[in-house]
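Below, chain A partners chain B and then partners chain C, in two separate complexes.
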Partner chain A sequence: MNWLIINVVSWMLFFFGAAFPVLILLKAIGLTGFMKVTRYESYHTFYYRMNPSVKIILGIMVMVVASVTIWWIGAIMTVAILSSYLTLKEGKRKFITGMFLTIMTVIGTTWAFAPYTPYVILQEAFHNSHLTTLWVWPSYFTVMGYQPALTTQGLIYGFQISMRFTAVSLMSLVLVMTSTPSQVLRSLNKVGIPTSLTFSLVVAMRTVPRIFEYIDTSVKIQFMKGLGSNAPSIMRPFYMLAGAFSGIVPVIVFLVRGAKDTAISADTRAFRAYSKRTYMHPMTIGKVDKMALSAVILIILMTVIMVMMGFGKGISYNG
Partner chain B sequence: MKALEIQNLKFFYMGREEPAIDIEHLSIEDGETVLITGRSGGGKSTLVNCITGIIPHVFHGEFEGEVNVYGKSTVKTPLSKLSTEVGIVLQNPETQVLNYTVEEEVAFGPENLCLESEDISERVRESVDITGTSHLMDRETYTLSGGELQRIAIAAVLSMRPKLLILDEPTSNIDPEGTAKVFDIIRKLKEEKTLIVVEHKVERMLPFVDRIIVIDNGKILLDIKSSELSHYVEKMVEIGIEVPIHFIYARQNGIDSEDMDTIRERLRQINMIPAPPKRAETSRVVMQAAVSVSTKAGKKLVDGEIELQEKQILAIMGRNGAGKSTFLKGLMGFLDIDLNCEIQAALDGRDISREHIIKRGKEIAFVPQNFDLTLISKSVELEVAYSLKKRKVKNYMDRVDKLLDMFSLSDLRYRDPLSLSLGQRRRVAMASAMASGVKVIMLDEPTSGQDYFHKQVLGKELTRIKEAGYSIIIVTHDSRFVYRFADRVVVFNEGRKVLDGTPESVFMESRQYSILPPSDFILRSDENELVNH
Partner chain C sequence: MGFNGISGILNSPGEIPWEIVVLFFGAGLIFAFLWGRKSGGLAKFTTLDLIYIGIGAAFAVVWEFYIGAFLGKFIPSNPFFGIGYTGRLIALLIVAGLVRKVGVGMVAMFIFNLLSDLISYGFSGEPMYFMYEMLTYGLMMDIVIAAAGPNLFGIKSPERRRNTEKDRSATPRGFERITKMPAEYLAAIEGILIGIFWVVPEPLFYGGFISPFLYGGVVDWGKILFDMVAFIPSAIIIGAIGGLITLRIVKAVGQ
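Moving on to the complex of A and B:
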């Protein structure tokens, strides 16, 4: 009996880590929720007035700082950037969506590290040879790369690692939600990236929200046709995930059929006629950009000081 | 000066032995407005692609002959240089609009030409003025209606200041109001540019065009002055092109006139007014549904109800944004989770309001406008069997065979659904949606982007399905299709049902909601009644 319980609970924990974040996200915000955080909407607050180049610099800065400093600096940046979502158009909704995305990134990353991280690393990270065991996995779990047991330190370690990703993901979404692809194209062209390359990015930025919309339709039609009809309703998020995978091929075929028109539309409007383009509104550096760049410089200085004070070690993450 | 000169043009797509287009000679004078029409797949798009230079610059294949636009060879001139001579607006505005904001979209072309920012602004202003879209400048393109988006697509091409403008089925995906605005633009541009319009709506285009060219099987079948159309009615109908119905009756009854009122009067005198299409008789109510949709902020988007009878085709019409598709999606549980949706629905007297989409889908089928998204299986047979397998129906192959037979898909049963033609794909989507034994089938904009021939095929299919015992709801803008095939029409306006009745009674009053009665109806109507309404 004991053996059975251990196995059942272990497999439940395994699936929790693999599927729970995605399933909760699908339940909470739906596929169309992804569409909303990957699509530009015009508005007037500071992010929208900021030059996309500055936003790209900010994003790079956040990534560098999160990866060279201690975990709680990443956590502070996450909270700060997430709070700034409230200034976006429909800020409250985007804040909640961003929060869900963050929580799920934390759960997903924690679970991706906690059971796998070798004890020797945990001992070094926590300056402690004694690890607190929370759950002992069945011995065959080691085949999947699991350590023999799940430890408190493993979970904390995973959590701390997740702080490397959360701030930068939130900042990337700020760029997507507050800059049009054309603005991004202008910024990238200005630093010498060829138009043909940046145009692919522009088309991608325009296409990604549509992918979520079309997959959502495909999944709903599959449900209508009986997908998951004999399963309990608690299993529906799993079927939604399965339906989303099944919908990928028709969605791609559908998009590729439309891509022909996109190519014609660009080519017959002199796209790539010259190696450079001019713009109706040339990019300028305004007051908001100067403030943001000042913030970037401040962050760089603080990061240097932090690193010098010893808060910049990759390990240990708990300082 | 000649705007277009084609000599001995032949183009073969890769791997094809027959040419997709084969034109010995064609020329269009500067300032002419020409309608190119013909069945889908007949070669119209290939021809315009040759004129714009897309063939051979973008689409490759075997190209023979000479195509010159304002003296420039489309083969030897780079596409970017041709773009100021010839511009093209495509059928589907959603796929041709590249940018997020209207201003960026219209400025895209001039920016590619490396013009000064003042020049770009001037061109953008000029283009949005012509198309009447200056009020949309600050909008995101994805928030626009189909009609608005198409006008932006036209503005985006006009900002290149092409001398020759090609509009490839510019109204096939938009509502009557949007269509009327596109025709207004064509009327304005006719004075300034050489225009080639590829269109199935011959009747609507007649007042604007000087010439009509009919393309079929890659060849020019007819090249006539627009005033000569009535003499070629039989030939056009034979090819499968939609022509004004009064022309057909005038021709059949030896009436030498093109005026609707005169023809109707003469037909009445000789007692030859055709009988109206047969409508299904009143039968028992299969489904009653009331749907109310609002935003989280409380704004009502839809608040309407419908009643569907057994063996009936019910059409839902209205302007873009009137709430037709939202009504259907609300009823099926397809709406965004950000919207509040309340449903009161009964099917055969059984309350289905609270049923999950899985259960509701067992009795109500929904075929969306983008039906390709529903085709997830590797073969037609598996696609049709999908629902039966998922619902664990025993011995389901008999039912699959029947459906394949019903939709003429038996010969295609092992083919990949996505590799089939448009009409075949739609039939697979319908057969698959109906497989679990549904009673009601709902189709969102099934006529959108279809030519006359395919619309006739669709209408006949729906009639056959109806006669087999099913009840059908279609959302459409096509009043001619509705007049011919629907038994009842419901018109939505600003989210509410405003008209409900037979096509005859609804078309009497539908103009106020931007739904133009088709010529089929006007021909059969009493002149006094029409005037009174």
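Moving on to the complex of A and C:
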């Protein structure tokens, strides 16, 4: 009986790590939520007035600070960047989506590290040879790379590592949500990336939200045709996942068929007729950019001071 | 602290000597340069090709960071099969099938990497990842494209383009016997070849050099060799399926 309970609970824990983020994805965010956070929408607040190059610099700065300082600095940056989502168009909705994305990343990363991280790394990271066991896995779980038991330190280690990713992901989405593909193209051309490559990049940036939109449509059409109509409602997310999966190839076909129209449209506007392009609205460094760059310098100085005070990378990352 | 998340460790036990990596990447760069000079490089891609590359890179990113990332959570970490690898391989095979020009692998990997940096990674570890992804995954795909010529994945096989004088002249002479094969077989075989080539970089270059070079990862040659061999069966299956999906999509697009 004891054997059965251990197995059932262990598999439930395993599927919690797998299914809970997916449930958040399907229920709380949805494909339209992803579409919202990967698509540009016109607005007037400071992020929208900022030069895309400065946003890229901000992203790099956040990444560097999160990777060289202790975990709670990453957590503070996550909260700060997430709060700034409220200034975006439909800010409340984007804030909630960003919050769920962060929760998903935290649970996903914690669960990706906690059961797998070798004890010797945890002992080294926490300067403590005694680890607190929370749950002992069945012995065959080691085949999947699991350690014999789940420990408190393993969970804390996974959580702290997640704080290296959350802030960077949120900051990166700001660039996509607040810059037109054309602005990104102009910024990247300024640093010497050829027009052909930036053109492909812009197509890719515009395609990402469209993929979510078309998969969403495909899933809805499949539901209208009766997919999972006799199944209990608890199974609906799984049918949605199956519908999304089977909708991928038709969506690819639909998008590549439309590629010819885009190509004709670009060619008739003399795309690549000359090696260099001129722009009606050149990218400039304005007041908002200067303020953002000053903030970057200030944060770099603060980071150096924090590292010198001993608040550098607290846990060795061996991913 | 290093530069941009790169610790620059060159003497980790078991690490591939940097000279060999430089030699490989150097050879890759020379190939890219010579290919560029011979064929006109980026200029030879039509606007339509550039759009196909963008769409393929977008799919690879959506799979890597959203759909595949969550499906992957249902599958325990294992050395035999990777959800991320599956989606990325199929997306890139489709782009290769639509464009069928040497260089598409490297350009598509560049766009994929740039987009990944913009929407998620924040340029951490760059420019190492640009070089790694383009000159391993991208280059290997381009080598297969160079060998297969315009008949990649059997798209111009006689069954598909029956007896047109123009197409026969477009087929390289050395590949006449191969092109007699049904298009589906050729698509599966070339998909498998690219799939197997793609098994090598992750364990060998990443495990053997990039990981210790960037953040002092431990090099375990037993694991590297095991990971390469263990992944081959799934690479064969995914490569074959990817080749067939590509053929179907290319047909649906009307090529």
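By definition in this document, the second predicted complex is superposed on the first by the 308 of 319 C-alpha atoms of A that agree within 3 Å, B and C clash if a C-alpha of one lies under 4 Å from a C-alpha of the other, contacts with A are read in each partner's own complex, and residues count from 1 in each chain.
As a convention for this text, a residue touches a chain if its C-beta (ideal position, glycine included) is under 8 Å from a C-beta of that chain, and two chains touch if they have at least 3 such contacts.
Note that this is a predicted model, so its numbers are computed, not measured.
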Determine, under the contact definition given at the top, whether A:Met144 touches first (chain B), second (chain C), both, or neither.
second
I'd like to know which partner A:Pro194 touches here: chain B for first, chain C for second, both or neither.
second
Which partner does A:Leu88 reach: the first (chain B), the second (chain C), both, or neither?
neither
Partner chain in contact with A:Ala266 - chain B first, chain C second, else both or neither
both
Name the contact category of A:Val22: first (chain B only), second (chain C only), both, or neither.
second
Should A:Ile211 be classified as contacting the first partner (chain B), the second (chain C), both, or neither?
second
For A:Val54, select first, second, both or neither according to whether it touches chain B, chain C, the two together, or no partner.
neither
Between chain B (first) and chain C (second), which, if any, makes contact with A:Pro181: first, second, both or neither?
first
Looking at the overlay, does A:Gly30 come into contact with chain B only (first), chain C only (second), both, or neither?
first
Doubly contacted residues of chain A, that is, touched by chain B and again by chain C:
202-203, 249, 253, 257, 259-260, 262-263, 266-267, 271-272
Note: in the complex, chain A contacts chain B through residues 29-30, 32-33, 39-42, 93, 180-182, 202-203, 206, 209, 214, 217-218, 220-230, 233, 246-247, 249-251, 253-254, 257-274, 276-282
Would you mind writing out the residues of chain A in touch with chain C in their complex?
14-15, 17-19, 21-22, 25, 34, 38, 56, 59-60, 62-64, 67-68, 108, 111-112, 116, 144-146, 168-169, 171-173, 175-176, 184, 194, 196-197, 199-205, 207-208, 211-212, 241, 244-245, 248-249, 252-253, 255-257, 259-260, 262-263, 266-267, 271-272, 317-318
Okay, in this complex, where on chain C does chain A touch?
1, 4-5, 42-43, 45-48, 50-55, 57-59, 61-62, 66-67, 69-71, 73-74, 76-78, 94, 98, 107, 110-111, 114-115, 117-124, 215, 217-218, 245, 248-249, 252-254
Give every residue of chain B touching chain A within the complex, in rising order.
49, 52-54, 57-58, 78-84, 86-88, 90, 92, 94-101, 103-104, 107-117, 120-121, 124, 138, 140, 142, 153, 156-157, 160, 332-334, 336-338, 356-362, 365-366, 368, 370, 372-376, 386-392, 418, 432-433, 435-436
